Every structure is written in C-alpha cells, then in structure tokens.
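Down below are the structures I want you to see.
There are two complexes below, and they share subunit A, which is joined by subunit B in the first and by subunit C in the second.
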Partner chain A sequence: MGVIVLLIAFSLLVALTFLGAFFWAVKSGQFDDPQTPSMRMLFDDEPVSKNNKTLTNKTD
Partner chain B sequence: MAVDTFHYDNKIVRNFGIAAMTFGIIGFLVGLIIALKLIFPDFLGFIPELSYGRLRPLHTNAVIFAFAGNAIFYGVYYSLPRLCKASMWSPILSQIHFWGWQLIILSAVLTLPFGITTSKEYAELEWPIDIAITIIWVVFGVNMIMTIMKRREKHLYVAIWFYLATFLTVAVLHIVNSFEVPATLLKSYPVYAGVQDALVQWWYGHNAVAFFLTTPFLGIMYYFIPKAANRPIFSYRLSIVHFWSLIFIYIWAGPHHLLYTALPTWAQALGTVFSLMLIAPSWGGMLNGLLTLRGAWDKVREDPVLKFLVVGVTAYGMVTFEGPMLSIANVNAIAHYSDYIIGHVHNGALLWNGGLTFAMLYYITPRIYKTKLYSVKLANIHFWFATMGALFYVIPMYWGGITQSLMWKQFTAEGFLQYPNFLETVVQIIPMYALRAFGGSLFIVGALFGVYNIAKTALSGSLIVDEEAQAPALIAETENHEEKWHRRLEGRPLKLSLIVIVTILIGGIVEYMPTALIDSNIPTIESVKPYTPLEVAGRDIYIAEGCNNCHSQMIRPFRSETERYGEYSKAGEFVYDHPHLWGSKRTGPDLHRIGNKYPDSWHLRHMYDPNSTSPGSIMPAYTWLLKKETDVKSIPSKINALRSVGVPYAEGYDAIAIRDLKAQADEISTGLRENGFGEVEGIQITSEKQIIALIAYLQRLGVDISGNNNPFEGLPSDSRMGANVKEN
Partner chain C sequence: MHKNSLIEKNQCYHCGEDCSDYSISTDDKVFCCEGCRTVYQILDENNLCNYYNLDNRAGNTVKANLERKRFDYLLDLEVQHKLVDFKKGNTVSVTFFIPNIHCTSCVWLLENLQNIDQGVLRGTVNFLKRTVTVVFDDSKTSLRALVELLTTIGYEPSLKLEQLNEKKAHSIERNLWLKLGVAGFCFGNIMLFSFPEYLNIDQSDSSVMFKYFFGTLNIILALPVLFFSGIDYIKSAWAALNQKGINLDVPISIGMLALFGRSLYEILSGTGAGYFDSFTGFIFFLLIGKVVQKKTFDRLSFDRDYKSYLPISVLKITKGGELSIPVNRIEIGDHILIRNQELIPADSINTTDHLQVDYSFITGESEPVTLIEGEQVFAGGKVIGQPGELIVSKKVEHSYLTQLWANESFKLSQNKRPLTSFADRISPYFTFSVIGIALISLIVWLQIEATQAFTIFTAVLIVACPCALALSTPFTLGSTVNILSVNGFYLKNLTVVEELSKTNTFVFDKTGTITESNESKIEFIGEKLSKKESQILASVCHSSTHPLSKTIFKNLNTKELLTSDSFQEIHGKGIIATIEGVQVCLGKLDFLREKLTGIEFDISEVLHSGSKVHIAINGSYRGFFSIQQRFRKGLKNLLLQFDGLDFPQYLLSGDNEKEKSALLSLYKGWEEMRFNQSPTQKLEFIHSLRNKDTHIVMIGDGLNDAGALKASDFGIAVSDDKSSFSPACDAIIDSDSLGSLDQFLSFSRISFNIIIVSFFISLLYNVTGLGFALTGNLSPLVAAILMPLSSVTIMAFTTLATRLTAKKMGLKLWV
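On to the complex of A and B.
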C-alpha cells in the first residue's frame, strides 16, 4: 500500500500548488471585483484604424 | 495611453477544429464498429487488427485524446488570446503543439490495433509515445502560461483558471501513471504491481476524467455561454467558488473506482466522501451556466449554439449527480463491472464533451470566416440527432447494465445462483446492445450533418488568418517604483508554482519512486510465485489482445461472486502483476480463478471457436493464436525489465529463460497431442504457437493461493531458480 503515501503526496502537492495560486490570486487583487470581469469579457475591442480589412468578431 | 495592435492567429484555431471533427468522426465510427461486434461477433470477420479487444482502446483514445483533446485546444487557442488581449506567445510552439499532437494520435492508430499497448485504461499508449505526450503537453503549457504572462488584461477570467488547472494536473497525472521500465522498443512494464498499479491507474483514470474531460470544458462553458447569449455569467462570484472548490475536491475522489477491492477501507471511505462532496461544486457550476440564460431562453429556441450548450451543461449536471451516487458502496456493488458505467460515461462524452465541442464549432466557424452559418436548420437537425442518439445510447445501457448485474446476483430459494451460466446474462441484454448501436448511429449521422454544415460555412467565407485587435498595454509591474520589490514577489508564485514545480516533480519522482515502490512489493502470501517465462509471454498476449477490455480479474467479496467464480481476490495475489489486469467491465466472466478450471484442450477449442464450448457466445474467435508464433526473442529483456521492477528472478535467469519457456511449451503441446488436439482443422498445434503461451498463463491464474504450487518445478532451471524464487 506504499503507493497510497505517494499518491497522497502528489495530490497534496497539486493541491498546495493550487493553494499557492489561490493566495497569489487573492493578494494580487484578482478577485477584488467580482462584477465587471464577467461583463468585460463580452467586449472584444475593435481596432480603431479606419482602413483595416479585418474585423474582430462581434457578438450579436 | 499607448494602444497596442496585435493579431489573433485564427489559422491554428481552424486547424484544431478540423482535427477535432476528423478524429471525432473516426472515433465515433470505431465505437460503432465495436458496438456492432457485441451484437454480431463475426462482423468484419476475425481479423486480429480489427478485433474488439484491440479496437476498444483505439475508440476510447480517439474520442478522449483526439476528439475531445483537439476540441479543448480549439477552445483554448480561440478564447485564451481574446481573454488575455494578446497573441499566443509563440506561433512556433503553437505549430509544434498542433502537429505533435496529431502525430501522437497517428502513433496510437499505428500501435493499438497491432496489439502494442500497456493495457492501462486511457493510458494504453506505450512508453515512447508517453514521452512524446509529455513533451507536447509541456509545449502547450509553456505557450499558454507565457501568453498569460504577456497579457494586456490584468484580471484572469475564470475560464483561464480552468485551463491552467487542466495543464498542471494532467501533467502530474500523466507522469506519475506512466512510470514504466522499457523491455523492448515497444513494450514496457509499469514500476507498480497489482494493487499499487490499480490504485495509481484509477487515481489517474478518475482525474483524467476530471481534468481532461471536465475542467477544460468548464472553462469553455464559462467563455462560450456568456458569449453566445451575449450576457454576463449568472454569478461571477459563484464561478470563482466553483473553480477553487472543484479542483480541491476532485483529486481525492479516485478510490471510488476500487470499492470492495483490496484497497484499505479508510481510503475507500475517503473516496466516497469526497465524491459525494463533489456534487456541490459540480451543480454550482452547472446552475451558474444555465442561470446565465435567465431571460434569454428565447435565444435558446433559435440558436443551435445555445441549444448544444444548454443540453451539454444539463448532461453535465446529470452525470455529476450520477457520479457521487455511484460512489456509494451499495450502489457501486450493483453498477460496477456492468454496462451502466458505459451509459454513464457516454452521457457525459456524447452530450457534455460532444455538445460543447459542436457548440464551439458552430460559434467559432462563422466568426473566423467572417460569414454566416450555412444552415441553421441543418444545425437544428444535428442537435436533435445528437440528443436523441445519446438518449437511445444511454437508456438501453442503464437498463441492460442493471438487468445483467441483478441477474449475476440472483439466487434461487434453495440458495443456488439462478443464472450460473454467465452467458445467459449476456444473451439477455443483446437487444439493449442493438438499441445502443442504433443510438450511436443516430449520433454519428447528426455529427456528419454538422461536419457538412461547418464545411459549407467555411467555404462560403474566407478565413481571417490574422485577426487584428487592439488593447492598451498593461502597465508593467516593474514600472511602479514604490511597490517594486514586493509586487515582483507577488507576481512570482504563478511562475514558480506552474512551471518550476512540474519540473521539480519529475526529478523527485525519478529518484524516489523506484525505491519506495519496489520495497513495498514484498509478497504477503507465501505461496504466490512469479510467472514462468512462458506465462510472461502468455500474459503479454493477453494484454496485446486486450482481453482485459471484457474480462475482469478481481473477484469481489460477495457471495454471488464467490459462488460463481471462487475465492475472492486477495491483494497479495497480485504482487507480480506488472501491470494489474483487474479490468473495469465484465462483458464476459471474471477470469481470476480460471486456472485449472478447464482442461487445456477446452481453452484451445474456446479460443479457436468460442461457440464450440459456449454456444451463443459473443466472444470473437481468436484463430490467429493457433497460427502465429510466440515472440521468444524478447524474453530475456522482458525478464530483465521485470526483475528491475521488483520481480525476484535470479541474476542470470534471463540467459536460461528461453530454455524454461520451451520446456513448458513442449509439455503443454505434448499434452494436447496426447488428448487428440495435435491439430485443429488442419492447423498444427506446435509448442511455438501463441495459444500455448496463453493457455499456460490462463491455467496459472488464481491457483497459487491454493498451496504448494511451484510453477518452476520440472523446468530445466528448477534447481537453480527454486531457492531464489521461493524465498522472496
């Protein structure tokens, strides 16, 4: 059953990595604003130059 | 403020889309072929490369890694740059990723049907391909993480978190599960044996479902549902809670695949508890997706993209309800090994993974080709074919699975098994297999409509190869002088945790794993011995033919199973099983106590024509086993490889192993000849034939526990080997 120790160790490592990422995210203000990110992702900024041939995708 | 102009690479997106569709259709068709083989065992004849046991891994690998895999990359390469407001970091890495992944798929096609397999479910590919997968996966990860580093949007949208978790966890899972020692260029043995191997395998298997088929698709859900409905996600706060709770809980749920096995009870209970807890984040995520559409349900009526998304997310909800329920021991006792599980996974695969993939295809294609969808009507027809197809697939499998499982367990009033003949329970559900094949066909027809529609859409427009976009540059963190040092420190955990740890892990595993595992492989049952060289060869044939796809080797401690098969399986019996062959599905009966149950001639006749011993059997005939010869040349290197993973063959045994093999093979073939089986329908049964090795292995299964059996007795090396093997 030795492998259980190993699997738990690896699972913990993954979990701790995520925990580290979580702390980083909170500390760096990733989750300070739980409102606007959900709106902002809906807007794909169009290029301002007049003569561009391509268009960004527009949500209808 | 300076505004940067940059480009989104739509070509790579398109390529992944084409690959997903192509391999999707192929994977579905292979699935249909094996479904038909369960109804008509002689469908397509008895060609080795097209036999059920070899095609089933091809089907699962094709739909998981080729179809869903390419679909994930399709979604990531489209949404990630747009969410980061940046081009993918390296177009070259994108190319390497794309072509590398396709080559890996090609190598699967070129190995699995030819019997080159590790037998570990969803990790069947052999060691050189495992290495290639690791490299390409890291290429993908580096490209993704560097894109995130170079983003122009400070906030990481929730979808990105799901993509990151996918990369990190799959990397760790793949490496830990693929730790194997090569014997030849295309054959390896895992470091783990028996129970340990099963544990690692299902820790991997479960989390592959979690982090390959779930988290990336949740990221896709969080991007495409708001986009398609043009409204923000129901609750962004919930999505954050959803993400963190899901990833923290998921990784502990693996043991639910091993309930009632030799796994310690506390670990089984842990798996059950965490599986039950999973329902909360899973349903939170599902509801978050569905509630996004509140007030927009009129759009669902018209837009095929939203239809596929809604049904996909609903199926996700159903499957994530089933999962926890199936993890409860009493429910698991009935559902495990039955076709219920096949229904369960296809509910997820067809509608959740399939549905979201086609939703993406219908959403992205018109946008990158600057055109309109060719036919909304046809897309709606596709939607109904897919949905009805999935229902016709899933419901018969639920029905058939429960029916068969209850038949296995049914006792008469006198206390005997009511259906002692396993075949009776198989024949009972063949109509359900037929309905399943019908459902699958509907799904494929729908998918073909979809591919036609997408192709027509693409042809009606022209691909915007480099889509121009603009965004203000993100103020570099170092420019903020006051906070310089501690801002940099804050920025580091992401880099460190996501790249460096993976690298460190690899080194750590390489050092620690072999010693830790081989030491703990000390047999707990004195009479259990290693396999003889002929049995090793036979076991490799068993693996190559994929017997474990239909036959388990793990008898659970239920009276219904011990009555049918014999003594329940003990952990100590599997200490030399590299890899374990417990299986996960009983289309045929369990084989753990098959040894000495029938005479050699029975196995010979059964393999040549299953119907001659078991009338009505749906097992294919393995006529080629009587014609092909056993691979003897590789035996020394196999013995060496097995010794290096802890099987106690004496030093130098590899040099004389072939002599042992030939002696044992001669004994079996002589026995067959004496009983009038020297030839079968004109085919000479000589000792070199594969069937001899397979019979040797089958006759060995589960017999050691009965007492003083020395498999090396009577072999030329007996006197030399005996002491070494016995004392270990």
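On to the complex of A and C.
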C-alpha cells in the first residue's frame, strides 16, 4: 500500500506543474485579452501579393 | 477573394466611400481623396495589400484630417516619459489608444508595422481595449515618427491631456485569476484525497496511517486557499466590522473560519476527516462569482472629466515660427494657433476676424458662433473653418470648461446616495439569525449531550454559509449587464443595475440627445430648382465650411462640381458667388435684402421652425431651405411609454427656444422645459428635483451635461460612437438603442425579482442544511454535496431566468 504514497506524490507533482503553467499563462498576459488571438490565428504567414517587392523594402 | 468584385467601381478602394469622380487613381483603383491613395501606396510598396483581402470594410477614411497634424511635442522628453510604458536601452514600449481599430484587417496591419518602419520591433493589438502596444528601437525610429506613421495610414492614436497626468494602474484582474486557479487546484485535489472518506473504506489497519497522510495533505492544500484565495473576504468583513457595519462578507467569513477551524480540529485530534473539500469548493465558487462581477467594458470609459477632452498639445506661435507644446505648459499671454476641427484648450482672446467656434459640446447650442477680433473665446469650443490665432488669457486649470468641476454643488454630488447592494442590506439580519440559531442550539445541546454541543454549534455556522446567496447577485446582474450590452446599453458595473431599476424621473438634454447631432431634416420650400441650378448651388455650398452649407450640399446630392468665378462669404451672414455667369446669393434674409435691393420676397417662413437658408439666383428670390434638427428614432414612443407609467419628464436645453414647438409636437406632456441652460444651471436643476421619492435619470451627451449626469441618481450618456469620449456617467447608450430604454428599465426590474427568487432558493438549501446540522447528522459527505449543489443551482437558475426573460421581451441575446 505504500506505493499509494508515492503515486500521490507524483500526481501532486504533475498537478503542481499544471498550476505552475497556469501561473505562467496568467502572468504572461494570456488572460488579459480573450479576443484578439482568435483573430490573429486567421492571418496567413506570408501575405499574398501580386508584386514581389519583399526584398526591396523602403524604396523612398 | 478579390475586393474588386465586391466593391462597385466608383467606390474608394481604400475606405469604400463614394468617389465624386475618377480623377484620383493608381493601378486602376479609384480613391476618394489623396489621403486614401497615400495609404494604399504605402501599403502596396511594403507588400501589405493583404490588408484589403482580410476584411471588406478595412480602410478608415483619411478625408477628415487631410491637414497634417504636427507632433513636435512628442520630441519633448517629459511628454515622452509620460507616454511610454517602459524604456530599456534603445528599446521603447508604448501603448496607444486607437478608436479606429474595428476589424481583423486593423489587427493585421498594426501588427505588421515593422514592414513599413524598420525601427518597429513588434506591435500587439488588444482588440477589446482598442489599443496597440508597439515596441520599437529608439535609435532607428522615434515616437514622433511612429505617431505620424499611424496617423498617415488612418489610425491616429488618441493622445489626451489625462495621459500626461496619470499612469495606468496595473491589472487587479490577473491576481483574481491566480486566486481562482489556486482555489480550483486545491479544491480538485482535496476532493480526490477525501474520496476514501466518502466511500467509507477505513476498515483496514493501514487506514489510520492514510487518514493522517491525507489529512496532512488536505491541511497543506487548504492553507493557500485561506491565506491567498479567500483572504479578501476576511479583510472586507473585518473592515466592515471596524466601521460597525455588516456586509455579506461577514457571514461568509464566519462560515469560512468555522469550516477551516472545525476541519483543522477534527484532523489534528483524529476525530474526523474535516470539511476541507467544502471549504475550498466554497471559495472556488465565490471567486467564480467575483470573476463574473469584474467583467467590465474595458474600451468604454465611464469616469472622464475635462482632461479627456483636451488635446495633448497645441501649436504655439513664437518668433522662430510655430512650435507644438504640451497643453499643460500653456502660459497666459501665449499666442496659439487652433485649426479647423481643433479644440480650444484654454480661455483666450481672439485675434482673428470672423472666427467660427462651435460650442455645442460645452453649451448645447447647435449652431456655431462667429467671433470678431478681441472677443473672448472659451475653452472647449471647436474651431470651424479658417484657423484662429488666439492669445491665452487663463491657464487650462482655470478655464471656463474646468469651472464646472470646481463648482461646489458638483463636488457635493460626488457623494450622492451610498450604493449598497441588496445582499449587503439583508446580511445583518442573516448574520444575526445564524448566530442566534447557533447559540440556541449550543445551549439546547449542552442540556442534552454536552459532548455533541460544540460539534452542532460549528455545523450550524458551516451550513448557514451564504455561498449561494453571494452568488445570486453577481450571476443575475452579470447576465443582465451582458444582455443589455448586446442591445447597446453599457452599464458601468453591476451595482448600478439596482439604481436603474428604481428610477422614476427622467431629465433629457436636447442637442445631441433628443436630436441627432449629425443628421438634420431638410426641405426646400419655394420654386423648384432645375438640375443645373442645384449643381451650381451645391458647388457654392461645397466651398463653404459653415455646417448649414454642408448640410445643404449633402442634401443636393450632386457629384460633379463646378468651379466658381467669384466667391465671397460673409461669416455668420451668407455667401454671394458667381458660377458660369450665374449669380447665387444665399444666407440670412437680411443678407439677401442688403445684397439684392429691389427684389421681392413673398415668404411664409413663420410656419417653419428651425434654421433657414434663403436662396436667390440671378437676382430673383427662389425660396429657402428649412433645416430642422432631426429627432432620434423611437424617441416619441419612449416618451409616451414613460408617460404611460406616470414618470415625470423634463427637458433641459442649452439652446434657445426656437424648436420649442417641434419639441411639443414630439411630446406634449413635458413636466417642464428649460432653455438657455448653462452646465451649472442644469446641475442645480437636478439638485432641485431631489427628494426622497425621486430617482432621477439624466440623459445627456456632452460636457455641458457632465454636472447634471453626475448629480443625478443614474446618468446615461448617449453616444453615436462608443469609442469616442462621453462624460462621466453610470451607463453609455448607443444612440440607436435610446428608443428601447423603457424595455431596458423593465428588464432591470425583472432581474431584481430574479435575485429575490434566487435568494429564497438559496435559503431553502440553508434550511435543509440546518436540518442536518441541528440533528447532528452533518457528515463531510453531506456538506460536500449540499454546498456545490446549491451554488450550481443558483448559477443555472439565475442565468437561465435572465436569458429567458430577455428572450420573452424580444431583446437580443447574442451579438
């Protein structure tokens, strides 16, 4: 039965890791703005465009 | 997904507005103005045209601010220091409030600023708050360049005086999330460890060892819940007791401490398993209620004073030329230049002839006044048309605009009736009955079985814990406020709902509240104008900056404009112009009489209230435009609804009496109508209405109503554009939703009844619990079932009841 003590210690450790992750998420501001990230995920990585001027940024 | 197919040919590719001609075009795309084309060119050059693909209504028109603003003051180190969030080496982070953020494209563009300006490291948009936080490299770009860039592409940051005076407080919200997280974590784990206890598997030998092991773990897990998650309740209860009052936190704290103390004793003495599962669950649910309560409307601001209206900078004229300086550094005697649509920051003397100033925001007068040289100009006025040069006569803090905030009665109204919630009011009775019952049971059980007495005493304190009671208010009101916001009525917080439900007296402001600020009812009375004549008239009106000319121009709806051969505008009187040999004269009747002698006027203008613009073409009188301010939609119905409920309704106007008849035709039952009211008079009128039975609602829109809004029991600011500035108030209403105010009111009343019903439900649970407690049968299992069950019932009941009510009343439930 002593194994239960060990298992519980492990389960608590795992749970604490998740609590730590939650703390990190709150502190890094993930709970501050629930709306914008849902819009951000729709953006393409590379903007589609007909003229390729990517290399010659800032011509003026 | 090409925009071309969706947009008609003559609409501006950038902002989607109708173009008057096809003259401004690039890459076979048409633009309404040079500003829009510039934005397109910048985006095209930097490969950012994806902007137009993400959302159809992406672009903001740049027409309004074609004139380039100057941001020299952003070079000032003191101003910079106050605006930036932090600065580390060359890396600077700054947050701008940009009211124009409205769609996905905006987010995308503002987060890709580094493609345009390489000094920008990254941009992060908060869509709900309408802010963008930009981190940039100070050595490659500057704050000023950044603001100029944002302004050029149509996202002008709103920089106001108040930002110079205060720093934003950091969010308390994060802390609340952490507390909730800890409570939830401990609640879950303690429940797990309490499982053997629930199933009663403690027959074996090793069980004693486990009992201590689980018990110790539970104590360790409960400690952070008491000292971190739940400490606010105890603090608040302590503060209330210190002031000899009892709020709802007092019975909550008693319950909490009883739960914790009893559990600690049971585990340490080995007499039982304790109630730590109930204890942590209880705090977890309470905190959920608190999260619901905290949910406010970040992008709306309800506590603004004059500082929010004043611009951050002003152009000062010095010997060396124009220099833009922060507004709070204006000194008496400074020469300042105020351009079209800019606000006057301080009382000054006018040095420009025929300066037109629009005071509608501070006095409620709807038409601009024309000032001659040497006249006094008041802070808060907006210059229209040609720029004005002024000499400052008072500092910003001592100007007319700020007087209202210094007014004695304004300060008095700050401490109006204290807001206590219904729950707080019943808590003294609740607390005393709980303690009473607990003491009686203690005495009774001491007679019967002294060993049980203490157990029963604490059990009573535990079950009487008003957890469900504490949840019913935030959940009902949270849901109510949410539904109201979907319908265009934004409340400052949950506590004001109660005041709203009690209101019975209504005071309306006229300009901007009852009448629409931009729309007016216009009709031409007289001989019909030919197409050519309309075109000529439109061209003349287009050249004038007077609001009436603009209204007529919009009404004539002519696309192609002609250039005038001669054009003369006498400010405040009228215009005389010649186009293609046709002479047009328009303006006041006296002006026409003066300019065109010997022509006949046969008019019945007395029949028409409102403003009139008379027209004469080639020396013959043709008639006049009658321009009336348009009343808001649904208003008549609203006034009649309130009338049906016997609510007295008053009208206050900063304007003159010329629209009195129109106002009476809108609604006859005005209790009283007052015209030419100054902001202070409005404030005093509200004070005079005060007695113990009246709960006054003031509905206004501008700074001129600020005092009255504050003095009333419930101030509602009407707003055409939510993100624009509205004075300090309890609620902001979308101008389109004003007509439904009566519905909102009855909805708030019903939600109060829902709270009362849910109070009874939660009392029912308490009584059931008392049954267990008094007979000595309150096992940890019963407590662990009863407590979450009551909380969940209340949450479900209040949320469902409010939503069903709203549905029945025909209110929108979703955006």
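Keep this in mind: the second predicted complex is superposed on the first by the 46 of 60 C-alpha atoms of A that agree within 3 Å, B and C clash if a C-alpha of one lies under 4 Å from a C-alpha of the other, contacts with A are read in each partner's own complex, and residues count from 1 in each chain.
Here, a contact is a pair of C-beta atoms (placed from the backbone, for glycine too) under 8 Å apart; a residue touches a chain by one contact, two chains touch by 3 or more.
Owing to the predicted nature of the structure, the values given are computational and were not obtained by experimental measurement.
Of the two partner chains, both subunit B and subunit C are touched by A:Ile4.
Of the two partner chains placed by superposition, only subunit B is touched by A:Leu13; subunit C is not. Taking subunit A as the reference, the larger set of touched residues comes from B, when subunit B and subunit C are compared.
By the touch criterion stated above, A:Gln35 is placed in contact with subunit B and with subunit C alike.
When both complexes are overlaid on chain A, the residue A:Phe43 reaches subunit C alone and has no touch with subunit B. Contacts of A:Trp24 after superposition on the shared chain: subunit B is touched, whereas subunit C is not.
When both complexes are aligned on chain A by C-alpha atoms, subunit A residues 1, 4-5, 11, 15, 18, 22-23, 27, 31, 33-35, 39-40, 42, 44, 47-49, 52, 54, 57, 59-60 touch subunit B in the first and subunit C in the second. Of all residues in subunit B, only 3, 5, 82-83, 85, 153, 155-158, 161, 164-165, 168-169, 172, 176, 192, 195-196, 199-200, 203, 223, 226-227, 230-233, 236-237, 239-240, 244, 247-248, 251-252, 254, 264, 267, 367-368, 370, 464, 466-471, 490-491, 493-494, 496-498, 501, 505, 512-513, 516-517, 519-520 touch subunit A in the complex they form. Within the complex, the subunit A residues that touch subunit B are 1-7, 10-11, 13-15, 17-18, 20-25, 27-28, 30-31, 33-35, 37-42, 44-49, 52, 54-57, 59-60.
Within the complex formed with subunit C, the subunit A residues making contact are 1, 4-5, 8, 11-12, 15, 18-19, 22-23, 26-27, 29, 31-36, 39-40, 42-44, 47-49, 51-54, 57-60. The touching residues of subunit C, when paired with subunit A in their complex, are 44-50, 53-54, 104, 107-108, 111-112, 115, 118, 125-129, 171, 173-174, 177-178, 181-182, 185, 188-189, 192-193, 206, 210, 213, 217.
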